[in-house]
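One chain, subunit A, appears in both complexes that follow, with subunit B as partner in the first and subunit C in the second.
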Partner chain A sequence: MNPTASPTTSRSLAMKRIRPGRIVIWTILFIGGLLMVTPLLFMFSTSFKTAAQVYDLRLIPAAPTLDNYIRVLSDGRFLRWFLNSSFIAITVTLSNVFFDSLVGYTLAKFRFRGRYLIFIAILSTLMIPTEMLVIPWYLMSANLGWLDSYWGIMFPGMMTAFGTFLMKQFFETIPDDFLEAARIDGLNEFTIWWRVAMPLVTPALSALAIFTFLGNWTAFFWPLIVTTSQELYTLPIGLSSFAVEQAIQWEMIMTGAALATLPTLLVFLLLQRYIVRGVMLAGLKG
Partner chain B sequence: MATITLRNLVKSYGKTDVIHGINLEVADGEFVVFVGPSGCGKSTTLRMIAGLEEVSGGEILIGDRVVNELDPKTRNIAMVFQNYAIYPHLTVRQNIAFGLYTSTLSKEQKAAKVSEAGAMLGLEPLLDRRPSDLSGGQRQRVAIGRAMVRDPAAFLFDEPLSNLDAQLRAQMRIEIKALHQRLGTTIAYVTHDQVEAMTMADRIVVMRDGHILQSGAPMEIYDNPVDVFTARFIGTPSMNVLPVVEEGGVMRPADPGTVLAGIRPHDLLVGEAGAGASLSLAGRVTAVEPLGPETLVHFEVAGKPVIATAPARQAPAIGAEVVAHAQPGRVHLFDVATQKSLPRR
Partner chain C sequence: MASMANQGAPERRPGIPGTPGGQPRGRGLSMRTRQLFWVWGFLALPVLFYGVIRFYPTLNAFWLSLTDWDLMSEPEFIGIDNYTRMFSDPEFWKVFRNTFTYLIVGTPISLVLSFLIAFALDRIRFGHTFLRALYFLPYITTASAMAWVWRWFYQPAPIGFINDLLGRVGIPQMAFLNSTTWALPSIMVTAIWAGLGFQIIIFMAGLRAIPTTYYEAARIDGLGEASILRRITLPLLKPTTVFLVVFSSIGFLRIFDQVYNMTTNDPGGPLGSTKPLVLMIYQTAFSSYEMGYAAAQTVVLFTILLCVSLLQLWLLRER
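Entry: the complex of A and B
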């Protein structure tokens, strides 16, 4: 505490600290946090338990074991699914970062007839729930021979209306002077976008990349519908197949889930400031 | 280096003309300043020269070449913007080198040019810093450096000092002027600040509502403005303009008058009239502004504000009655109806 603070200031600070409203808020936040973290902790805890210990609800296992991890990792399918998920999430993320920002930039920085109409058309697709789109996607995939293929899993997400909207809003904040200076310096329009505009919207790009990666890493509904062969399963589909394969092996499911969660946790821990900023930018509830 | 020629240049947005067929010749190596109030078309003209705005009519020539249809990059011009337009993700060195992005020079030659520009602009110790670590003046120098390295035929400046504080602006005025003298490159410079125009230009082009009102050397425009607008726009404080009638070679304020008299505050002196003042104005002092070497005295004549000058230590008190006199030859006359200049008396 500042030793020069007046008694009144000290008292008001103390009052602020113990205000009942704040106690209520902190308590609610604590309980909320606990509710969020508990399943995660149990997932990790169960992954270190034997089948006999699964229903022992102690958080720290009586006899922790790495057997589950050895079994899961030595099962070639898990690695395959992990690689599938990685390939799909990274490809879709790169595609979104490229195409969403390219379209967003064009809509934000070029004046042409129909620009507003195109933007509204793109935006209006946000109003359609995924469940309604799945049937046309499936029919399209069936007609074009994309069922049970990587492309079939990826194509609906290669470009998104949300990403285009986010990037457009961000590109609009770049002063035209930057782009005009580059035009005078002799850069072509593509290079201006790539070398000048893109580095100026890094926060939005990071947010878009994180959301897209996490969304695709955890995607379940569409990959479940479009894939039939185990070799093309993504991690969430593969893990769900664990559950129904034989008797339910919770310790194996939790081990797989824990391994699947690691990249997500890593992305969040490393890039959390971008995620928070991204949530603020996108006006999402998080 | 090159000349810039505008021939019947027109710019329209839809059916609205904003530039009405202007003509101008900028000589090789000349420093021309476009000046005028907001919306007069000076920036639009500059942007058309740069190739950032399409030309609706007429021709722009850089050197002997009509450039109407050419991309900005093929016009061999460089432009410095009001907001500097230096890239925050690049260092000063990379920003300056960006001007050479499409150059066919070798890596070593490019580095040498960047160092040379950095040295000329006093940016050497800052070359590895980011723009966010620089002051406004330093950022503007980086923008000038990026323009310089390209050895362009002409520099275009679009209100480059507007974002700087008064002291820095004065310093940058001198630096840009010195740079022009050193490089000798043609410069077209846009500003709404008549002090910048007066202090930097070889020639001032006064614009209003998409027309060129007058073009000439700074003192020529100051001494011989073609109309009331130019007379009041050029010079600080603005010229006093009020209706007068003339009787026996002496003018006196009258409303309506037969003619408009324009007297610059520095030509309207508070105190005793010398021999044969051609115009005397009396009124009650409303404000005084001591400037050091002299004092500006504000008073009203028939409800119209007038500014005169008094010696530094003889400023009248607020509320005092004063008389100010203009000597023969210092009163500009303008037609009441057309507001155009008449022979001076």
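Entry: the complex of A and C
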């Protein structure tokens, strides 16, 4: 969309004038921000409360306990769902990083008959919503024995038009001379892509990886349809069935929700800068 | 290294479309032909993937929408019966209205909120990263998990957080998820909350992309803050805004996770008052096993989404 201007100039300009109005704005923003994280705070708070304390509105539990976590984790289901989600999200992310960038690179850096057709064909799949494909996917999976399997959960997302388009845009910015020089050195095309071109687009790759990982980690609709046995549930599906089963034991449900949310929160706190930049990049270019 | 033979050969440049290929060299294949082998080697699996996992299912969905099929027997071609059934089904129109209520109310609210926050946040230096993190955090949470937290918040007192607070300050209780009037707005708030962080980040990126010289020039010309916002910031932000309007609209048209998890005892309830199109598709296909009818509903969803995307292209072209 827009070329990115240097952020520092606009910010230092804004800095020069410190008015009381600014303090008011800051306070409003701060309160708004607290409201945004209130559900998260109370989710964690309640996960450390006993059933009797749930109705207590205090944010810091009077007598914090780890009992809920011990009870939720004791039957090993959450661990299993966590491992399922991790395996699926990581595999799909690796596949996207590999194939989307390979296809994006090929479309950006080679001229061949059918290039434009393939590009338009891939791009046009952006218009097709997942919801329209789930019924055919379900039938296909039923016929091929993919229902209720890891592959069944993963196969629809192994490549995406969004990722391909994003990577193509970034590969287009690499000068052809770099690739030519590698050809003269006698590298084969695969090595040129992997060793020369890929390292030049690492910001885009990390943006793609973050987006794909988050999307698959939180995915709900297709995993809900394709899985039937608890052992294959992903974390979101597992949590949903767990919550239904717990009925009104809110402290248990909050503990489950906290366990489902905690991994991404930790990753975010560690990699905040990269994640925000990745989302900006993917959002604007995609 | 080995490819000395290629040096200086003009036809090995990849930039020339439709060149028939150079003279055979070295290993008997021209550089151009060898490159084509690589290209199609790279594309073979992806082309297969897009064909089998994207295009075939799309056509299949259109075909299924013209059949009557319960998964047990063979699909039976019934023409446009599914569509006539759908358009005369009051439940479909109710779902249709619900879906557009999410869209028409949810999109402007989330856009205005995220713009105001982004606009203010962009001017704040002190604690900027911290404040931004507060707003962004909900975006990376799992929708189905947070739907349960919100569901807890909406419970009647003394269980529910919101009603408990209302009770303490003497405001009458709200039925929230148990009310046919308030259930949909309650779910919508959850969905807006979940998407706000992304929109704020994108708006901030859009604001940063506006060259500061524009603002400086405007100040020299004596424009006030309000007219700078109206004449410079908003017009230059148009591509970002259009993108977010479309992105948010598509999100609301496809809303499912929150509704499913917040109404598990009566999906889409109470009395179907919160049911969106995607939940209806899910139930038609995977609870009643009316695959043909469900496929017809997905075709309607596809058509609506296509119109929204085309609208975006049209809005951006008109500049």
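Simple rule for what comes next: the second predicted complex is superposed on the first by the 248 of 286 C-alpha atoms of A that agree within 3 Å, B and C clash if a C-alpha of one lies under 4 Å from a C-alpha of the other, contacts with A are read in each partner's own complex, and residues count from 1 in each chain.
FYI, a residue touches a chain if its C-beta (ideal position, glycine included) is under 8 Å from a C-beta of that chain, and two chains touch if they have at least 3 such contacts.
A quick note: this is a predicted structure, and the numbers were derived from the prediction, not measured.
Asks: Where does A:Asp185 make contact in the superposed view: on subunit B (first), on subunit C (second), on both, or on neither?
Replies: Both partners, subunit B and subunit C.
Asks: Tell me which partner A:Val196 touches in the superposition: subunit B (first), subunit C (second), both or neither.
Replies: Only subunit B; A:Val196 stays clear of subunit C.
Asks: Between subunit B (first) and subunit C (second), which, if any, makes contact with A:Ile90: first, second, both or neither?
Replies: A:Ile90 contacts neither subunit B nor subunit C.
Asks: Per the contact definition in the header, classify A:Pro136: touching subunit B only (first), subunit C only (second), both, or neither.
Replies: second
Asks: Tell me the contact category for A:Leu147 with respect to subunit B and subunit C: first, second, both or neither.
Replies: Touch status of A:Leu147: no partner.
Asks: For A:Trp250, is the partner it touches subunit B (first), subunit C (second), both, or none of the two (neither)?
Replies: Only subunit C is touched by A:Trp250; subunit B is not.
Asks: Hey, is it subunit B or subunit C that touches more of subunit A?
Replies: Subunit A has more residues touched by C than by the other partner.
Asks: Touching subunit B in one complex and subunit C in the other: list those residues of subunit A.
Replies: 180, 183-186
Asks: Please output the residues of subunit A touching subunit B within their complex, sorted ascending.
Replies: Those in contact with subunit B are residues 175, 177-178, 180-187, 191, 195-196, 199-200, 202.
Asks: Where on subunit B is subunit A touching in the complex?
Replies: 50-52, 71-73, 77-79, 81-85, 87-89, 98-99, 101-102, 143, 146, 150
Asks: Once bound in the complex, which stretches of subunit C touch subunit A?
Replies: It is residues 1-3, 6-7, 12-18, 35-36, 38-39, 42-43, 45-47, 49-50, 53-58, 60-61, 64, 117, 120-127, 129, 131-146, 148-150, 152-153, 155, 158-159, 161, 164-165, 193, 196-198, 201-202, 204-212, 215-216, 236, 239-240, 243, 254, 256-257, 260-261, 264, 278, 281-282, 285-286, 291, 294-295, 298-299, 301-302, 305-306, 309 of subunit C that touch subunit A.
Asks: Show me the residue ranges of subunit A that touch subunit C in the complex, using the header's touch definition.
Replies: 1-5, 7, 9-11, 13-15, 22, 25-26, 28-30, 32-34, 36-37, 39-40, 42-43, 46, 54-55, 57, 99, 102-103, 105-106, 109-113, 118, 121-122, 125, 127-129, 131-140, 155-156, 158-159, 164, 176, 180, 183-186, 188-190, 193, 214, 217-218, 220-221, 224-225, 235-237, 239-240, 243-244, 248, 250, 253-254, 256-257, 260-261, 264-265, 268, 272, 275-276, 279-280, 283-284
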